[in-house]
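Quick one: structure below, then a few questions.
Chains: A, B and C, in written order; residue numbering restarts at 1 for each.
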Amino acid sequence: MSKDNSFSRKELNSADNELVQNPFAGVDFAELELSLYRPRTLFTIILSCLVTVMTFVALIPLFAVLWMLIWRGGQKLSLALFTELPPAPLEQGGGFGNAIIGTVIMVGLATLITVPLGVLTGVFLAQAQDSKLAGGVRFAAKVLTGFPSILAGVFAYGAVVLAMGGFSAIAGAIALSILMLPTIILTSESAIAMVPAKMKEAAIGIGATSAQTALMVLLPTAMPGILTGIMLAVARAAGETAPLLFTALFSNYWIATNGQVELMPGCPSPIRSNSPGQRRWCLFLSS
Amino acid sequence: MASASSKAQLREEVASWNPGQIWQAPTQTQRLLDSAFRRLCVGFAAFTILLIAWLVLEIAFRAMPAFREHGLGFIYGTTWDPNKAQYGILPEIWGTLYTSLLALVVGSAFGVAAAIFLSEGYLGEFVFKILKRGNLHAHPVWGKLPERLELLLKNLIELLAAVPSVVYGLWGLFVIIPMIRPACNWLHAQFGWIPFFSTTLSGPGVLPAVFVLSIMILPTITAISRDALASVPPKLRMAAYGLGATRWETILGVLLPTAARGIFGGIVLGCGRALGETMALAMLVGNANRLTVSLFSPANTLAALLANSFPEAGAKEIPVLMYAALILLAITLVVNIVGALVLERAAGKAVAR
Amino acid sequence: MDTEVSRVDSKTNGTTSRPLPAENTDDVVIDCKINELYYGTFKAVRDTQIPIKKNSITAFIGPSGCGKSTVLRCLNRMNDLVRGFRFQGHVKYRGKDIYDRSIDPVAVRRYIGMVFQQPNPFATSIFNNVAFGLRINKFKGSKIEKVEQALKRAALWDEVKDKLNNSGLSLSGGQQQRLCIARAVATDPEVLLMDEPCSALDPIATRKIEELMLELKNRYTIAIVTHNLQQAQRVADKTGFLYVDTTAGGRTGYLVEYGDSKQMFEDPKEKHTQDYIRGEFS
């Protein structure tokens, strides 16, 4: 094979026959070989390996954290964990039953507040897509998704605790609902927007009012997506600590035994008391 | 507008056309329900916008006494002494920005790498090649494995975000700090003259905090960047390959620049998360009110300050803390608004294309 | 009875507005007169006047983009949903203009039903689909009876009577369209509007629905839009032919000819109609 890639006219004429017989005459195949010594290939392979390694390194903490919980928490797993109160300082044993109930109550309250607010806002956003108000609301929801949880707690402190004169589950619930709201708004909007437009047209064509269309056609059809959004929001709220530190405070007693019904514990707070077994709850709540 | 009586007349007339008919005009209740429902939806939606205003105003209102007393000196003062009523949050502001910046660098490097890994489908390709060796790639069950594994990988990375902040804090305390302490102290002994290594790691400090923080913001950056990369039109990729570019030449030359706005938006949002992160940092950053560049020294962030000081704060301290909260609010709001705007522009551009 | 048709002067391509000659107007259920219809700044339809007669099938035919669906949707105020919609003229149902400010559009849609081009059952059971209209009208009687009646009228009862709780979306295309028709007739509206009801269906399903229409016309008044001339010929009593006017730069539809179907298809009077029916353009 000739290494010379340029063809002079003379060569073309005489090379005519050659080309017909061997069309690849004049092409340097060595150029096409895939070889590690070519800088471009090497570059590609190195970067690909780098990216792969980085991705799996990024996943290591997930497994490390899960392992730590299972290893250290699993040793202390027992039924007492869920039914008893936290031990006095420096004592062993006990449990965090009150913390679980506290979490359930606060997250439940927050859900009750947020779901109507968020879902109906989602209905509005899906119906009035282009209006200025809708654009503004959507932007506000996106900005709220990144709102720091501690500031939600600070706000609840100022708005509720100082106003009401004491800590309470309501304050904690309000802080949690600020954190849950944007998720529910954005997921319900996208769930409702996915209902086919022709279904909505059918409802209007049959003479349903806006409320009837939304309640009898749009919401039932979009329900799976909306429920997913609610679950995501609840999962996030259940794991939040910062907003609860100074809104709901934490008490070591059951709600009923303590005469003050408002003093309710926040679930993640007992974590800070450093009892190893109490970490077990995270596994359940974060999944 | 027709009067009520003529409306009623109309209704009667309609009713008389076809006695026993089923259809009827909406009843009064239905009409009321409808307009109430519509008003409620609009009201709730407007409430979202009002909520942000309320958040800012409430905190600002509570911070007023402290603002009047300490003024702007609060922002650049460096001592925090409740007994002498001397307050300054410069160390905290610095700590917040420093830890977030470092975490952002590490987090976006790994985050974008993971996003590239996911969007290029390396795992799927690899598994597919293995399946092909065993001639299983067309199998009804095994053939789906590449997609399933890709989905699993994507969900695993998103699961990183599902771990609560406290758990990361605990993990950092009990696992990371002991693990990196020997290496850090070695670095200090060898290279102590470099400002970054100028103190020993005796426990919580900037480095463990940055470590954990970058893990926490990684899922955000990966998710948004992956979406940005996936929304690059396939024809651009085909064009690059068609011109003879290698895989990485395409990624670096075509895909990343095209998705740059989305990736940038993701990074900005990740920064917003980092700035506001509380619990893990409260446990890991050391809560020392000092200005330092050293990676191994304890420091403090605004959020950690609030978390640690608020529960036991007396009535005098509250406005001061509210002031600090206001500063944090200002910083995070600005960052989040910028991030949301950047993402909207990126999405708008993609749609217009 | 004078069966002269309303004429549009095709030479000047505009209307010389001759009033509609004295037809028997006792049985006109809907009298639609559109002078001008706009979507924003786009003039979609002009100078169209069509009476819809009781217990008959009126068909709108014409090339695509001539505003047939627009006119049909005017009849039950579905165009209200489109931004920038406005029109001059009136649509009188039993002598009352339904675009009058005192009339509630939701009420209008309850007594003028509509079946759309794409079958669009709700994502609930077949029973709930048909009973939807009954529910919003607060029907107090036996729902199961009415549902059965409606499904029988739509010729779907035999096929679904033992699976009323299955999802409406689990039926085939033709069955879904019949389900939509059953849903529309469940409340016994006086008028049924059908916007190309068979265009998404195969020929066998189409034939079934055409037979259905011929039966339904004894009880209801039907107006359909179709681009299938044979269908209009088979099914319609009266036909209106609309055409597109491009002289002003846009695409504005207008009524060219209206009259008995038989006569229009055998011996159309206007040139545009002749061209269309003889297939010189689509």
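The rule is short, and it goes like this: a residue touches a chain if its C-beta (ideal position, glycine included) is under 8 Å from a C-beta of that chain, and two chains touch if they have at least 3 such contacts.
Note that the structure is a prediction, hence the values are computed from the model and not measured.
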For this assembly, give the contact graph shape among line, ring, star, complete and other. complete
Relative to chain C, chain with the most remote C-alpha centre: B
Using only protein Cα atoms, the chain sitting most centrally is A
Centroid distance [mean C-alpha coordinates] between chain C and chain A, Å: 48
Please tell me the distance, in whole Å, between the geometric centres of chain A and chain B computed from their C-alpha atoms. 10
Just the number, please: Cα centre separation of chain B and chain C in whole Å. 52
Multi-partner residues of chain A (each touching 2 or more other chains): 207, 209, 212
Listing for chain B: what residues touch at least two other chains? 23, 26, 30-31, 34
For chain C, which residues are shared contacts with two or more other chains? 106-107, 110-111, 133, 136-137, 187
Of all residues in chain A, those that touch chain B in their complex: 40-41, 43-44, 47-48, 50-52, 54-55, 57-59, 61-62, 64-65, 68-69, 72, 116-117, 120-121, 123-125, 127, 133-134, 136-137, 139-151, 153-155, 157-159, 162, 178, 181, 185, 207, 209-212, 214-215, 235, 239-242, 245-246, 249, 268, 271-272, 279, 282, 285-287
Per the contact definition, I'd like the list of chain C residues that touch chain B in the complex. 94, 96, 101-104, 106-107, 110-111, 133-134, 136-139, 146, 186-190
For chain C, which residues count as touching chain A in their complex? 76, 78, 81, 106-111, 113-114, 116, 118, 120-124, 132-133, 135-137, 180, 183-184, 187
Quick check on the complex: what are the chain B residues that touch chain C? 1-2, 6-7, 10, 14, 17-18, 21-27, 30-31, 34
Where on chain A is chain C touching in the complex? 196, 198-199, 201-209, 212, 216-217, 220-221
